[in-house]
Amino acid sequence: MNVKAHINKLGWPRIIIGLFLASMYISCPFLGLDLKAALNDTFIRFGMNAVLVLSLVPMIQAGTGLNFGMPLGVEAGLLGATISIELGAKGFNGFLVAILFAIIFGIIFGWIYGLILNKAKGGEMMIATYVGFSSVALMCIMWLILPFKSQDMIWAYGGSGLRTTISVENYWYRILEKVLNLKNINFPIGEVIIFIIFAFIISMFFKTKSGLAMKAVGTNEKFAKATGINIEKERIKSVVLSSMLAAIGIVIYQQSFGFVQLYLAPFYMAFPAIAAILIGGASVKKATILNVVIGTFLFQGILTMTPSVVNGIIKTDMSETIRIIVSNGMILYALTRKGEL
Amino acid sequence: MKKNLINNIVPILILTLIALVFPLSGLRVIPTIQEIVLRLSRNLFLVLSLLIPIVAGMGLNFGIVLGAMAGQIALIFITDWHIIGIQGIFLATIISIPFSVLLGILAGKILNKAKGREMITSMILGFFINGVYQLVVLYGMGNIIHITDKKLLLSRGYGVRNAVDLINVRRGLDSLINLKIYNVEIPIFTLLIIAGLGFFTIWFRKTKLGQDMRAVGQDMEVARSSGINVPKTRVLAIVISTVLAGFGQIIYLQNIGTMNTYNSHEQIGMFSIAALLVGGASSSKATIFNAISGVILFHMLFIVSPNAGKNIMGSAEIGEYFRVFISYGIVALTLVLHQWRRKKEKEYKRKKEMEAIMKGELNEKSI
Amino acid sequence: MEEKLLEIKNLSKSFGENTVLKDINFHIKEGEIIGLVGENGAGKSTLMKIIFGMSVIKDTGGYKGEIKVNGKVVNFSNPFEALEEGIGMVHQEFSLIPGFKASENIVLNRESTKKSFLENFFGEGVTRLDVDANTNRSEKAIDKLGLKINSEEVITNMPVAHMQFIEIAREIEREKTKLLILDEPTAVLTEKESEILIETIKKLSKKGISIIFITHRLDEIIEACDKVVVLRDGLMIKSIPTSETNVEEITQWMIGRKVESNKEKTSDKEIDEENIILELKNFNVDMPGERVKNLNLKVRKGEILGLAGMAGQGKIGIANGVMGLYLSSGEVKFKGEDIKTNLPAEPLKKGMFFVSEDRKGVGLILDESIAMNIAYPSIQIKKQFLKSFGKVFNYRDIKEITNNANDYLKKLKIKCMSSEQRVAELSGGNQQKVCLAKAFTMDPELMFVSEPTRGIDVGAKKLVLDILEKYNKENKTTIIITSSEVEELRMICDRIAVVNEGKVAAILPATADIIEIGKHMVGVGGDK
Amino acid sequence: MKKVFNWIFLLIFVLILSAIFFFTGKQHKVLLTNKGKGENAIKTNVVYSIDNLKTKKIRYGKKSAYYIKGINHVIEISYKTEDKKEVKIEKEFKAKISTIEQIDVQKIIRNEKDWITYKKLNK
């Protein structure tokens, strides 16, 4: 293979973004920034987000498209986290309880969501977006009326419902590091390990009978039909799996971040994750674990590096704008690529 | 009859909901009517700007936010130049056109590359251009683009403030001709402009270009083989929609009187589309009547929900979230219904065709 | 006396190495109706594409020879140039805007408009349509056909026949149209409607419009045309006035080639005529372009049954319907047991398998390895090639999958680097063998094989057929082969069922005369 | 070709229209001073309005700012003389682009020339 073929295989956006990121790391010392801290930041954000990005894989593989409805899975995760806190479960157990409930709600929500998407074949992405949005609004009402009692979650003085941000400091903040007795190391080993575990499970899953069936539906629906695979069922399965992983992903995110963010916080959760996996080389129809790893690293790298570097050069914080342009530009690029559908 | 009911299930549902909730909201009739008239004059133009791309088969154009941004940039300029009153509004309208046309062409070309998924693409395009808009307005203005009036800028010396006071053009259109009936103020001039757009839309559908768009919307392949320039026709549909949206945003903001530089446009696409869908439109069929009834119903919901929430659930917040839920849910629901109905219709048609063929066979035998 | 409207001289066309048309010579006079007949792949559609200036022709290197319209040499680069010269075409698929009225369709993109002031700025686009004028023009065009059709009717509410007429009306509404090409216009019509269509064609020809009429129904040719042109394998076999010939002769010209190279099937198999493995009763399949209508068929255990027929007559639809890939209705009995239709898993579980005509679309996952492609159905249906992990997860057993694949690589002589190679990289013939390996791995009792030799080179064709014949002999597997090449069927089948108009027209022994089979294919087999 | 000509015509028309909107819609700041010099000063409070808009009052010795729109304007001032007689004066003036119009009310009262000066806005 010559250079051109290699470039085509990698894709221009990836190369540009990769070079851009590399140049930022290189420029760190000249701008008086601490490269080690910068890299560390990138890794921490990688650990926070990797499972969320991973959650997109099943739906892409099953041909259900980019999961713009990720907020739905995220809400399931939020339910898991709040219930765990409500039950007063602390430490690693608390984390496990949160994950457990997250999975349960992820399955329920995902199943309903899957049924909806099956009714909307061909227009999944648009409908997914709006299912995600409306689920956020619906859950906003729930946060107001669900009978949570924990003092750590409700408003201290008056006000009804849960707070907008709930600290998990007393529960399972950075529990994945604490459990490994790595309190003083800033590298997110726990998150990386748990990501590897889930990545392994997912890649194993796609080698099972069920996973193979799902993949067949995604790559060639006619082939799948001729092979006797129940297409609708596989699609629902993929949606359930994606929602479940998104639910788990947000709990991992929270334990690293330190707060459970309710109400409108999950609204735009899907977009950065989708942008990340696309930057990693996935397309609307195909995604691998490698795409997840590369993409999350590049995307989070840019998010952590641009503010400090740009600030170092022109004393302005443009991170939000850059995030919007990069992430949506990437999604736009994927949507307009030829021969994707 | 039954088909009609199913086709109009969304407006009927919403109407029932409003009818049930209105008495509980404790709102009085006249102020509510005033509010509706106000919102109609404020939003209807934007909603109408969605119609033409639907005719051209490009679905709900979330890209109207591009037009909204063009309108806002024009407003920033006239505010900076201190052009006030009705002249300011008209000048802003003129200035918005080149921006809208450029953005419209860009959007049209991009959507031509994403046939079959125009809606999601136009939505993401809206987000993307929003980033570019931020880059221009938040970092470029006062820096690269000259801004005379320093009061418009953030304290750091560049970038437009979060809120731009449009007091000098506020209600410039609305108050031009104003009528009061039973304590209800009616902004006649604005409504006349909206009516003008309505007639434009009706007229446009009957032109050659309108006919081409209808053809492209129904079957691109056939349209192409009959010599219609499909990509160009689609780009034109988007350009027209974007330009109109620019005007719409100016009308909207002159009524409100302040502009949230970085937020005013964001929700416009979403709300306009939700309103149109509430009026019984779908992503492939929409009428002016859908637009009008949609705006009325959707904004009734706006007005009623918080009060009803307060009176029923004891929390205005719940009502507010409920409204948000309904507006997003409606879009999801209509899209699902539409997709599902299309599938069913296709199946039904094939079945009928098959039956017709079988019947033809039988007839032949009996002859 | 009459002018030569269209003249074709020494026309040849090849796609790459593959010559599709060679030295075609004929001409059409004003007001003449010419019937164009030929088997699938004889070059009819390529010829029409050249005359109508379809861009595929230019893109694939143009053609050799000369086309003259009204004595002037032309070389169209797109259909619009052809239209300009007065050549109109009605394609097999309807090209009408479904939600438009008939009148709107007839004048599509040629609408009469009213003058408008705005025209000075925005061009013709902003002129208003002159609805009355358009309706008028449409009605005139419909009148010209000598029919009564409401021009205000919306297309979706129209019967199929009317749609066909509206398309013709659209072509003749152009002032310029002098030559009309009709590609299988009667395919979707009932007999009665076809008669009306033929009447219409005749009327048009009297008005001076020449017509090229393509159909597989030879009786229609005799009925409607002045002259018939027969193509076979890209050669023009005959061009003769219809008054000087008959259906039988035409059939012979169409199919008659290798009558001499007749290798007859030597059957040493014992087939029990009473042992029916598959029975179809009143079977309908809604496969676009290949509809099956009220078909009845009995398949004997252990035989190789060939399904012959012209394209579009439904032979392809049978297997697709039984296997649940297209909507079907009616009764399917397999080994005396009712099979539920429209559930693809059902026939697979019962022991049927289908090697699809759409190799790349249905048969294979192009991005996957050879080994995985072969194993896929067995994993999903028979739960083979799986290792279990704590009895919960069944994941694939790479070793067995590879072993199985390597087995078939050897047996079927599949040329590849290894069983891990992506199937997309294989040649057509080897891809077909992978499809067969996939089927054999399932070890079915009954196998449908559709167009097994389509698009693969000559050597591979023979191999594929041999493989099938051998497999049938060794495993006693019933095989139903669908093929457009009758000769192939005669080589390996025990019986041949001819499918015409969605029904079995006749079941003949493989030793039957090829002309006999051909006649059934063109719908004239019965009336001897 | 005709179309191009038409478009140029349209473009010019729109440009002229924009210019008209620009000039007639431009907002100007007018600074009025009511300060006399020496013994000529007529120490009185002045009530004024421009273009018949809202009336404002300037006490003697003070300044007042007024926002107006467009090019041609009429200022109307009224004051009471020492013998309590009300006097009304109307003056026309033009506004210029990117300037602040400074009006000396005293000069108007005393019917002097140059009662209006234009001060360039510093950019």
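In order of appearance the chains are A, B, C and D, and numbering begins at 1 in each one.
Rule of thumb we're sticking to: a contact is a pair of C-beta atoms (placed from the backbone, for glycine too) under 8 Å apart; a residue touches a chain by one contact, two chains touch by 3 or more.
Quick caveat: nothing in here was measured; it's all calculated off a predicted structure.
Visitor: Provide the labels of all chains in contact with chain B and in contact with chain D.
Guide: Neighbours common to chain B and chain D are C.
Visitor: Highest contact-pair count belongs to which two chains?
Guide: A-B
Visitor: By C-alpha centroids, what is the most central chain here?
Guide: B
Visitor: Report the inter-centroid distance (CA atoms only) between chain A and chain C in whole Å.
Guide: 48
Visitor: Can you check how far apart chain A and chain D are, centre to centre, with Cα atoms defining each centre and the answer in Å?
Guide: About 62 Å, centre to centre.
Visitor: Go ahead and note the Å separation of the Cα centroids belonging to chain A and chain B.
Guide: Centres of chain A and chain B (C-alpha means) sit 31 Å apart.
Visitor: Could you list each pair of chains that touch, in label order?
Guide: Final set of chain pairs in contact is A-B, A-C, B-C, B-D, C-D.
Visitor: Under the touch definition given earlier, write down the residues of chain A that touch chain C in their complex.
Guide: Going by the criterion above, the answer is residues 204-205, 207-213, 216, 219-220, 222-223, 225-230.
Visitor: Considering only the defined contacts, which chain C positions touch chain A in the complex?
Guide: 323-325, 344-346, 348-349, 354, 356, 358, 361-368, 372, 376-377, 379-381, 383, 386, 393-396
Visitor: Which chain D residues qualify as touching chain C in the complex?
Guide: On the chain D side, the touching residues are 2-3, 6-7, 10.
Visitor: If we count contacts the way the header does, which residues on chain B are in touch with chain C in the complex?
Guide: 203, 206-209, 211-212, 214-215, 218-219, 221-223, 225-228, 236, 349-351, 353-354, 356-358, 360-361, 363-364, 367
Visitor: Could you please specify the touching residues of chain A with respect to chain B in the complex?
Guide: 68, 116, 119-123, 125-127, 129-131, 133-134, 136-138, 140-141, 144-145, 160-161, 271, 316, 318, 320-322, 324-325, 328-329, 331-332, 335-336, 338, 341
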